[in-house]
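Here the structure is laid out as structure tokens; the discussion comes afterwards.
Chain lettering (A, B, C and D) follows the sequence in which the chains are written, and residue indices restart at 1 in each chain.
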């Protein structure tokens, strides 16, 4: 029997999962218009590869990864790119992000898919393939998977943990995926296994999903692998990567370390599934399973194209009348969708239609009575009460001393708080303030350094110039003194070397330079032109203004080049 | 010499704005120890006034002669000498008062108020100004310590002016609260001094805030509503 | 009488010697406070404080010559931090507080005069004579020093708007009053 | 946009619920009081509660906090009840009023209100009153007296002079005085044999009050309102020291059992040291806090000048809480073994 470990803390919220697992996964219809944000994963923002007006096919790459930690983005269906612009993002900020807007043509034409036999490729090529297929962690963290598929050079990879725990209430997308597509998941895990070469592969599933456990055991057997499917106790947040690793291997990964350094790596089941589809079928990540649940007539899991606006999913959900908002993600770590136009992205595992009955409005925040319930619930064994105290007082240095950055924002502390303090909110606030301050500090340091360098340079230039001028003056003084010998004129007429002369010469030279500079500047000015000419120029400028695209520097450059040619 | 405005400023600072006990919170040690009743507080303040006035004038007269680096030892020396003189003086001529105040007169040497005023004011200002500063700082201390002592005495024992007969023979303390008042002893103990002093400081700040609000209402148009809503 | 004078005199000689030695031995050169103040200042080098850069202003504050409320880019928060560091009273800012800005050169209008390049205290503008100039936005401190020198008024300041990457979680505020 | 923050789900807990459970846990002890002394204890509780609510309301009004929300949290009532039960029964009404008002106004609200007070307000009230009015605070009614409820009320409101029977010392005080007077010649066993004052475990009758506190405390522990660390370590500290001295010299030191069931030991262990606001919050810190409080309480009650030491020991440890918490921060996830 496999012996499990325990992590401290954790909570047992009601699961609300039963309703959405009664029906199999269904494909959501292709919407008329898709909004595909380019930045859907951690890391660099992908560069757009298409322009407005381009025709794209399903699966065509529309965003190229920027540097190694980044992931490609693809067209979810065939159609026409109508714009590449800032659109509302599925993000708690409610701010827009650069997105490719595609009008679907309804034909859903695939690009030519190229399945590969990854066994014959170098590991590096497989990683690149995954990056270009847009495979990222679909558990919600959306970290590019290829970047996690390298073992540490000095630590042997012992365990590969596959996360099928799905501990957040309401969510059942991974559950259904494991039930229905277990074999693809297992084959996907096989890819990860081959790249990382771990000694063991452990698939952790919370014990409230017996069907998924059975399906995965059957799938492992059918594929003929030796992966261990392990039921883990249902305890939120057992599905957090660090908690699941702890439960299955006993290893604890602090914020200061990466999991390969401890010989373990963790992937979500859905990630493994998309990896297999990408390698064996040539299908990039263009859709994902989303649980549409909550205050709806028909809770169910749907396979939704990425970029589908939330508005198009509302008819599928049939929300009840008192629905007041939609939450993306689970009730513990999710956030309010900023609007119905925000699209489904790779991180969207669940949409919960919310009503005051399901998620009551927050109770008033009472003073902390230091009861310690949060510290007992914290799976990372932090002292949220102390962190709260310092975050509330804007004492960010102290929050870091109390390991603020080990907080995974799981929400256990807020869940148990009798004073109803939005602790996680305070911690997020403190984290983003610290990041912002670090950015500002870096900028200020850079500015100081540049300012000092510039001052030094100016000092040096001034000194050099003075020296040059002094030399020149000295030479001028010296030159005439030679003449008297030739001409026989008395030497006394010539003035001796005068320090003032050098200074005067320097000033004269500077004035001369300034005059020249002014002349250089002038020609472009319109002073000498007639009134009619000026008017004409003004008209031309006026016409030109709307053409200018301030954001698009390349445009301006093209225009400039054209003008210069003229 | 001294202008009217200057004088007013010095007086205001000493009596209220920079009050030694309520704002600068200096000299807590004698403050806590002697303000168990009104008379003690007032008498110690009187002695301090004399020391402060004298030392301020002395230091202000010498201020241009004292090197910056060694000013503190010189100040201490001046203050200590003056205190010793006053100690001897009291013993010789005001023996009754001397007995009441006991150890606290020599302890004025270490009272930070004296040194603080010498360092902060007399060291930078002419003797006349320094004299007024010393006196008004002392008077500020006098009324606060008297108030503090009076309150503690009243709460703790229900009397006022106890011990007055030691200073002026023939006078009797007042029994303000009923004779069977059990006495709230904590007020007479050091914690009570802290609590009552805290209340006095809070009262002073409250009065200041009221004055400031009143003034801004007078001079400014009604404040926009958004200011308070932002918090 | 004689004893008192002798003891005081002897004490004065010994202690005086000790003090003289200490004042020479432990003399502090420079002011370590300047570095601390400089670290708080925003390093825009804008000169709005009346000093040619942040360091000179920091020196002036440390000397007690300048007030702490003369740095508009640092804002009220900067004033508060300085007050904290120096134990002074917080004062309202001497000028209007502005949001963070970045300089933008209208490249259509720029004539390549290099005047702004010379004005920029942090070398954030690139361009050579008669070439169009541009501002390296990530280096720009928003000091506005380049705006005035431009002969064709092609530089304007733009407010830096929050984007998804610089967005910050807000301080949680719950209106207790409303609920009660 | 109406901004809300996750988690959207919360457990059904509130400060009010916690406080109500603490009040409920005090009911057994109040029941025993009723049985021992009659309804006068209810008068005492009523005076304390009314004073607490009035003082709390005034202070909340002054700092402009919503009255309904904060008065309803029940914390003031808990403080009031603890004071009413810790003070001698039938203490003059004004003593209760002064104690409760001091606790609420000075010990709680001058420090910033609920959650901000570094000291246990009830114990501050006890300490202030025992320092200011030592005579009134150390006289406990004898249970053998024969007086009606009307007499009790009259005594409480100063209409009747305090009866002689009401001026008895507490059992702890009696023992201490007897031992002192005996100058080593009288043994503890002989003193405790006086069944008018002493019972089998502690004071005659009062031991049942202590047992009721124990029962209420165990119920709180079972409800997970309080943890086991603080009560157990407090009782442990008390037993450790009293046990050691008792084993060394049973004639001069009472048994641990006597100390557990006398004075404020049980009240302190389950209702005072477990106050989260003024206590330590880390597991190790709680053990240190409780154990040290138990030790010091024993030292004060046996060797000190006051009849019981729970209040002073708790206040002393309250002072040390920031230090204890600073040095007992538990290692976090993944960082064990380091540091």
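Some observations on this one:
Keep this in mind: contacts are C-beta pairs under 8 Å (C-beta built on N, C-alpha and C of every residue); 3 or more make two chains touch, one makes a residue touch a chain.
A quick note: this is a predicted structure, and the numbers were derived from the prediction, not measured.
The greatest centre-to-centre distance from chain C, using averaged C-alpha positions, is reached by D.
Interface comparison, B-C versus A-D: the pair with the greater number of contacting C-beta pairs is A-D. One inter-chain figure worth recording: chain B and chain C are separated by 40 Å, centre to centre, where each centre is the mean of the chain's CA atoms. Centre to centre, using the average C-alpha position, chain A and chain D are separated by 55 Å.
Once the centre of each chain is set as its mean CA position, chain A and chain B turn out to be 63 Å apart. Averaged C-alpha coordinates put the centre of chain A at 33 Å from the centre of chain C.
For chain C, the set of residues touching two or more other chains reads 170, 172, 176, 179-180.
Shown for chain D are the residues that touch two or more other chains, namely 3, 5, 69. Residues of chain B in contact with two or more other chains: none. Against chain C, the residues of chain B that register as touching in their complex are 69-70, 73. Residue ranges on chain A touching chain C, taken from their complex, read 39, 89, 91-93, 95-97, 362-365, 422, 425-426, 428-429, 431-433, 435-436, 439-440, 443-448, 450-451, 453-455, 517, 520-521, 524-525, 541, 544, 548, 550, 553, 556, 559-560.
Per the touch definition, chain D reaches chain A in the complex via residues 1-11, 13-15, 17-18, 69-70, 73, 75, 113-116, 227, 276-277, 279, 281-282, 325, 329-336.
Those residues of chain D whose C-beta lies close enough to touch chain B in the complex are 98, 106, 110, 128, 131-133, 136. Of all residues in chain A, only 7-8, 11, 13-14, 94, 169, 242, 246, 252-255, 257, 325, 327, 329, 331-336, 338, 354, 358-359, 361-364, 366-373, 375, 379-383, 385-386, 402-403, 406, 411, 414-420, 422, 424-425, 428 touch chain D in the complex they form.
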